[in-house]
Amino acid sequence: MDAKRLRTLLERVSSGAATPEAALEELKSLPFADLGYARVDHHRALRLGMPEVVLGESKTAAQIAGIAKQLISAGQNVLVTRLSEEKALELKTAASELVYAPVARVATFEHKPIEPAAIEPVAVVTAGTSDIPVAEEAFETLRMFGLPAVRVFDVGVAGIHRVIGDMPTLTKAPAVIVVAGMEGALPSVVGGLVGVPVIAVPTSVGYGVALGGMTALFGMLTGCASGVAVVNIDNGFGAAMVVARILRNQIRGAGA
Amino acid sequence: MDAKRLRTLLERVSSGAATPEAALEELKSLPFADLGYARVDHHRALRLGMPEVVLGESKTAAQIAGIAKQLISAGQNVLVTRLSEEKALELKTAASELVYAPVARVATFEHKPIEPAAIEPVAVVTAGTSDIPVAEEAFETLRMFGLPAVRVFDVGVAGIHRVIGDMPTLTKAPAVIVVAGMEGALPSVVGGLVGVPVIAVPTSVGYGVALGGMTALFGMLTGCASGVAVVNIDNGFGAAMVVARILRNQIRGAGA
Amino acid sequence: MDAKRLRTLLERVSSGAATPEAALEELKSLPFADLGYARVDHHRALRLGMPEVVLGESKTAAQIAGIAKQLISAGQNVLVTRLSEEKALELKTAASELVYAPVARVATFEHKPIEPAAIEPVAVVTAGTSDIPVAEEAFETLRMFGLPAVRVFDVGVAGIHRVIGDMPTLTKAPAVIVVAGMEGALPSVVGGLVGVPVIAVPTSVGYGVALGGMTALFGMLTGCASGVAVVNIDNGFGAAMVVARILRNQIRGAGA
Amino acid sequence: MDAKRLRTLLERVSSGAATPEAALEELKSLPFADLGYARVDHHRALRLGMPEVVLGESKTAAQIAGIAKQLISAGQNVLVTRLSEEKALELKTAASELVYAPVARVATFEHKPIEPAAIEPVAVVTAGTSDIPVAEEAFETLRMFGLPAVRVFDVGVAGIHRVIGDMPTLTKAPAVIVVAGMEGALPSVVGGLVGVPVIAVPTSVGYGVALGGMTALFGMLTGCASGVAVVNIDNGFGAAMVVARILRNQIRGAGA
Amino acid sequence: MDAKRLRTLLERVSSGAATPEAALEELKSLPFADLGYARVDHHRALRLGMPEVVLGESKTAAQIAGIAKQLISAGQNVLVTRLSEEKALELKTAASELVYAPVARVATFEHKPIEPAAIEPVAVVTAGTSDIPVAEEAFETLRMFGLPAVRVFDVGVAGIHRVIGDMPTLTKAPAVIVVAGMEGALPSVVGGLVGVPVIAVPTSVGYGVALGGMTALFGMLTGCASGVAVVNIDNGFGAAMVVARILRNQIRGAGA
Amino acid sequence: MDAKRLRTLLERVSSGAATPEAALEELKSLPFADLGYARVDHHRALRLGMPEVVLGESKTAAQIAGIAKQLISAGQNVLVTRLSEEKALELKTAASELVYAPVARVATFEHKPIEPAAIEPVAVVTAGTSDIPVAEEAFETLRMFGLPAVRVFDVGVAGIHRVIGDMPTLTKAPAVIVVAGMEGALPSVVGGLVGVPVIAVPTSVGYGVALGGMTALFGMLTGCASGVAVVNIDNGFGAAMVVARILRNQIRGAGA
Amino acid sequence: MDAKRLRTLLERVSSGAATPEAALEELKSLPFADLGYARVDHHRALRLGMPEVVLGESKTAAQIAGIAKQLISAGQNVLVTRLSEEKALELKTAASELVYAPVARVATFEHKPIEPAAIEPVAVVTAGTSDIPVAEEAFETLRMFGLPAVRVFDVGVAGIHRVIGDMPTLTKAPAVIVVAGMEGALPSVVGGLVGVPVIAVPTSVGYGVALGGMTALFGMLTGCASGVAVVNIDNGFGAAMVVARILRNQIRGAGA
Amino acid sequence: MDAKRLRTLLERVSSGAATPEAALEELKSLPFADLGYARVDHHRALRLGMPEVVLGESKTAAQIAGIAKQLISAGQNVLVTRLSEEKALELKTAASELVYAPVARVATFEHKPIEPAAIEPVAVVTAGTSDIPVAEEAFETLRMFGLPAVRVFDVGVAGIHRVIGDMPTLTKAPAVIVVAGMEGALPSVVGGLVGVPVIAVPTSVGYGVALGGMTALFGMLTGCASGVAVVNIDNGFGAAMVVARILRNQIRGAGA
């Protein structure tokens, strides 16, 4: 069952030609890969039009290897997030196909190199140097979704002229991901300068009242610029997923 | 200076033909309307491609009337949000042009009726009856931005078959706004069922550990479905703004 | 003093034939085993109809061994919870009778294998793979109480069709334990689908605003489905205890 | 479609004679009563074996009257919870069938007087005088479910001999609801004295560090006595629902 | 005992000619005015070089009038802060000398008009219209201390070009007070643009995660620009006091 | 300067024969031992009638040794609290006079064995086994103050008959220290049973919503039994100090 | 049954001549006055050696009148705390024997005027004018217990010479109650100056980060001066109860 | 471009001779040193009149070395803050010019020894021994800014006579930095004794309700003494920066 067949099915649902129940039934009739500790769902990716993602943090290296190998053999590309350097080393022997990016803390596998779509690059912006790992997680995720991206790092609000200097890049981008810790003010500033979707990622950078990212999170949510949306603390992956949902149609229109 | 002229200017910026500084200069050379207590910025709307919005909550009826009349005489459409029924009554005499929507708690003025764009309607979903005011704020905001929308109310997760029954509507929508209080689980469920952008709005509905919306907010941010973005508690307006940023290009492509 | 004698005593109390004070006196006349650092209470288990449980977390391996040996020699089955792998290793030499279950992080001793009661199995459900250790703690506890159980793992709300697929199992169960971290939405969904008692266990799985299980806890407490009861974060043992209290009569009726 | 027919359907599901999808389909084919602001779901009650409940707090008197009348005309008994005295007065003219209990803050309608089941009464215990309204909400809910109950009020831990004096009542009860504010210690004490299910309800009684019920809630969740389950702050209704789920089988066995 | 005599005394202390104890003794020998409910301390003002301030919020109108009259008859200027409109009305009859400023919510009395010192004006900046009352409290306090000030209102970070446009004013100021609610980002931006002391005042403006000013407070404390100091939420008065301490020497040098 | 001389001085102060200033002067004229990093105050102990206490937690082993030796050579008994086993080992070589109590985590030095006063022993009560370290800290502190004490351990509220069985001991005690984690209910129960001062110490025992002792602390503060006073989390030392202040007069009356 | 008989009974318990159970039995055999909503316990006062206290806050005027009249007719003195002015007015007609103290917000009834014990007065200290109501509650409670007291008001740490000036009063007192809001620093200072028991009462005075008394509470608990004990926020009554427990023996020794 | 040229430029801006935009343009035309992970901004220091500071905590030793060497070669003095001993060791080989101060946890480089300005020393005060590291960070920062300072350590409020004894030092200082953990009361006391600017630094010293510095922070913000300003928890560096901004003019006047 390929994506095209799935799309056809969903279109029949939305046109009323098939009931959602019938569609769900059709999807469910296909076997899950049951590993005991996880139900590897080959259809979720298809259902949402997204590659398979494994949250590495709460799983053992053995569990990750098991899931990843199952997915690879099923022909899918794989993205493992929040993977510590120690687990990545363990994984190397068990699932040597995975490539580890240490700053982003993700491991990936591509059956063949993923081509970036022919659109302007998404801007991935950070307030400071310490926000870079979260930004890199977003960057790698975008890459796995075939979305081109450009880094605009270390442009925090205490030196506001820096972000102004990068406006040409920001203005062209179809979406902007802004990664910032401490008071989380940068998304408000960026949101006031550009008109495209701005996705804000609070980071756990900072000490004392930074409260592990809570202050940045609340600052971003309450920020004055309307039209900024927020994801969980340190969730660079989630921000990239929001952007993927936003740009899917645009990419498709561009021939994907 | 009309929107077209502004767009030309921004395009010159993004192509490098004009520096951002030059553009800012050009924008700033135009006078602010200074009311003493507020700087009415005729260009923000233009800059961001959005109508003028006045946050009613923290202003007196007199201040709101003053700002609204200034904007109307400058030829702009107006949206006043978080406006209590009492202030709306006061406003009626001072600025009778404004039309009040009591459930949404917004007042609006349109120079001529705003035509909805020729796209599929945005789905505005609520978990319960009590979330409706926030959903209506989103609905009215979308309307003011020329975005068609459809209501899908009272489909919370405790009766999961209800949301499944509405999947045809959700699948067609170019974006979904999900408004929910209490545990805020509905966006995760919806995000797992559709592939388009899902914007979650936590509401302050509930008592005890609902914590005035905090539990819903945190539930939405930490929810399992990747690619859901969140706005501030009760901020139906903000969610609609995120959708407006997302759909702008699509609308333009559709001839707007 | 066996369970039968205790039951007779309690029945005399409830019929008024004995005052509670007289009953307490009779119970107290029997010696506590005083280990200095703990009062091993051979009667609590009898009093509540439950085996002896030792909370391993806040005790040294030596203390646990001392208490366990005391209980074993008094003829009781033992369940040690929240026991780290390191302490379990230390315990092995001091109290080799104990069998360690590493995922559940419990150690147990049975004088003779415990027979499960002849009732339908309790369903132990998890939202994700990372919730499994807490679910296993509940599972082992149920086993020690002679309650049959069945695992339904990795059926979180972001793929709602999975839990629907397991409804036959859930519908038959005399009680359901739902273990979930992050936003804790699964108990609401399950509670809306079945009519039997649903006990929710929040887990500390997740990062950022998951707040170590607080968001799941509050989500479960404020969830829309009425009739769901909640225990402490990561307290799989406690959930099983609630179920044991609920099913005791049913088991007894079944001949136990 | 009566309860018997529904039970037959569910039994076919659990035996595998019908798929859950087919059952859901059958349920959904029956029309919802759509009031615009709420989807009155005649089947939820049947599905869960419970009467229809309306959360009064977040609805207008007009909305409550609309929903209640719809339910009454559909032949159902009605329970409206968290209904302020003011709204109850407004309701009186619009839906005079409803009977208001001011301490419990609930309104009820019974087509014919509900007979209590032939089992021992559930004990509803409070720590203090101020916890009584929440206890009465539980009491009224139990009554609407045909469950007999007995009040044991004002037996807080600072006078521990009081609760000991009530042990005959507590020992006989098939389940105990313990309502307590401040430090929420009473459920632990009761849980240590009886072996039946104990459902704890924290209340918002107290000042300063009572934190609107948070301290009681956390105290109950972390309490030493295993096997106590907890519901939301002030949620007497929810506790009664948990008990209803627990006792359903027992009642049925007793001929209900 | 006039200020000159006090200064002489303090200088003797700081030179070692008098011990601090001797000085305290000398100060204490002078009678407190004991009103029963308050010890009016004629020397605190002298001791700190500041006029007498009465916190109006937690006192009755009668108490305020009593204290104010005592101070006036002792020859001192008076500043009453956090005074509601209702109390101000009550005060009018009891202490008609006081002049009420409704936006700043302060009442003042000057024996003769206070001359502003011959220095550049302190800049009092707000992010939005709703922050103005707190800014006005700071403004009135500065005025009572003889410090000239200039208002720079409604220049929040979502329209960053506005604050850049006001840089000439900010650059000249000997100190800047920045008043902002929501995410509290403005002080960081201002602190990055000017080199003089920046005092940040968080306000309770905003809803949801604004948390009554907590988010702004934490944002300001954790902000990236070094050298910004913060006072309590809504404490415009406190910020002005910090500035008064900073500029005292400069004023004195200027001939005050 | 011995305690007698100090007492005489204080009596002169309280009778008015000496001013407090004069007394302070007299005290201050005596040299502080200045170690650079700490001002060892030989008079604080005398001033308050208490031995010298060193908080070990936030000091290096070298700093502790330096302070302790200074105090010992000045003829004072020493109590070092919150001293980890690692630091205690380090200390052994540097200040071998100190005796370490590993459960209490305190080190002590007595010039000659301290005689307990001829009064009934203070009761030191714990709810569970895990609260023992904090109770032992209180116990050792009482011992250093010459106060006899008796241990009543592991009598938590989930087995309420245990504490009732210990009433003879509790009733005789001149004061009771109650150490409890989790919900902190034991002090309320004890406070309802005895009439003497009850000092409650919350402990950080527990997990999840135990919140590191916060729940116990708040439970104790809000507990129903009037007349219970509370100290900081895990502060067994502080509780003993409160008791020392309470019993000082009684001891003196008894001939100390 | 008078106090003497009760004391004899308790002495028999503590000597072992009677078991605590026997004593409890004896106490319980005496009838509770059952008012339906409250169990008026004539023995609690005797058991603890304290007069009867009614918490007014969470009861209706009718309930308070009912309980008070029951107690008065049983020959007991009565103290009603946390009684608003409105309820006091209502009470006046129903229970005119009660005398209302509006600042302390308590109502009292004495069968014959209570004689203060022949000891030095307890010092009741406040940091500011706004803390007075809480201090007055403590003052009235002490009075009802026959304990003499002296007011030392408005001596906060920002004018530290004031508290030093009052040292003669503080030094003589057998116990000191310190009432303070905001940062709650005064108890630490007082605790460092006197050696008698210091009971700290945090108040909800202050705004912003005062957090309704939480900051004062935490400041007092973590304060540097050892031997200070703390009660709940605004709980002047509780502090007086702690003092009553402390001074009971001393009073008895003095002939009470 | 030296500081003089910059000052000239800024003066032209403030006189209106140059627009801020022109000035920004001129500044921006100069190249940033782009290290990939950080934009080393040679002008920030000049712009604000401050040396270059590197926050060590969130950077690798390699990143710190890279930035430091870039700055040194550009002729600037360097201050690295929050640098752990481990990283300092690593740094030694990579950037041996840096001198490490282990208590202050800072590393510094001076092209030639910095001369302290000819003004009275700033007082750096601590409440306890454990606050010294934060105070030393402030001390080193002041030194790098050419500001003389004097240490006044271990003068907490529980021994209030100690701070009174240091008044001669405090009275002479042009500004006072007060570093305190636990309840954070010292700044209020100092602020009541001196009239110069008082900058308060809360520290994370303490346990239990000290809450990692939150209690000290809130205590300082809500403290009674007006005119005290606060910085982030443990932010000794930030406090020194505030002082540097305050004293800049004074220093300049003194010939700097």
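The letters A, B, C, D, E, F, G and H name the chains in turn, as written, and every chain counts its residues from 1.
One rule holds in what follows: a contact is a pair of C-beta atoms (placed from the backbone, for glycine too) under 8 Å apart; a residue touches a chain by one contact, two chains touch by 3 or more.
Just so you know, these numbers come straight off a predicted model, no measurement behind them.
Listed options D-F, F-H or A-E contain a single repeat of the A-H interface, assigned here to F-H, on the basis that more than half of the contact pairs agree by residue number. Chain pairs A-E and C-F differ in how many C-beta pairs are in contact, and the one with more is A-E. Residues touching across the subunit B and subunit E pair largely diverge in numbering: under half of the numbers involved belong to both copies. Ranking all chains by how far their C-alpha centres lie from the centre of subunit A, first place goes to G. Superposing the C-alpha atoms of subunit D onto subunit E requires a rotation of 180 degrees, rounded to the nearest 5. Among the remaining chains, the Cα-based centre furthest from that of subunit E is the centre of C.
Computed from the mean C-alpha positions, the centre of subunit C lies at a distance of 60 Å from the centre of subunit E.
The distance from the centre of subunit A to the centre of subunit D, with each centre set as the mean of the Cα atoms, comes to 43 Å. Centres computed as Cα averages put subunit B at a distance of 39 Å from subunit D. Touching of two or more other chains is recorded for residues 21, 24, 44, 128, 159, 164-165, 192, 208-209, 214, 217, 221-222, 232-233 of subunit A. Residue ranges of subunit B in contact with subunit A, taken from their complex: 10, 13-14, 16, 20-21, 24, 44, 47-50, 53, 164-165, 167-168, 171-172, 174, 192, 195-199, 217, 221-222, 226-233, 237-238, 241-242, 244-246, 248-250, 253.
Touching subunit B in their complex are the following residues of subunit E: 128-130, 132, 153-155, 159, 161-162, 165, 205, 207-209. The touching residues of subunit C, counted against subunit B in their complex, run 127-128, 156-160, 164, 182-185, 188-189, 191-193, 206, 208-211, 214-215, 217-225. Looking at the complex, you find that subunit D touches subunit B at residues 24, 27-28, 37-39, 41, 44, 57-59, 63, 82, 202, 204, 212-214, 217, 232-235.
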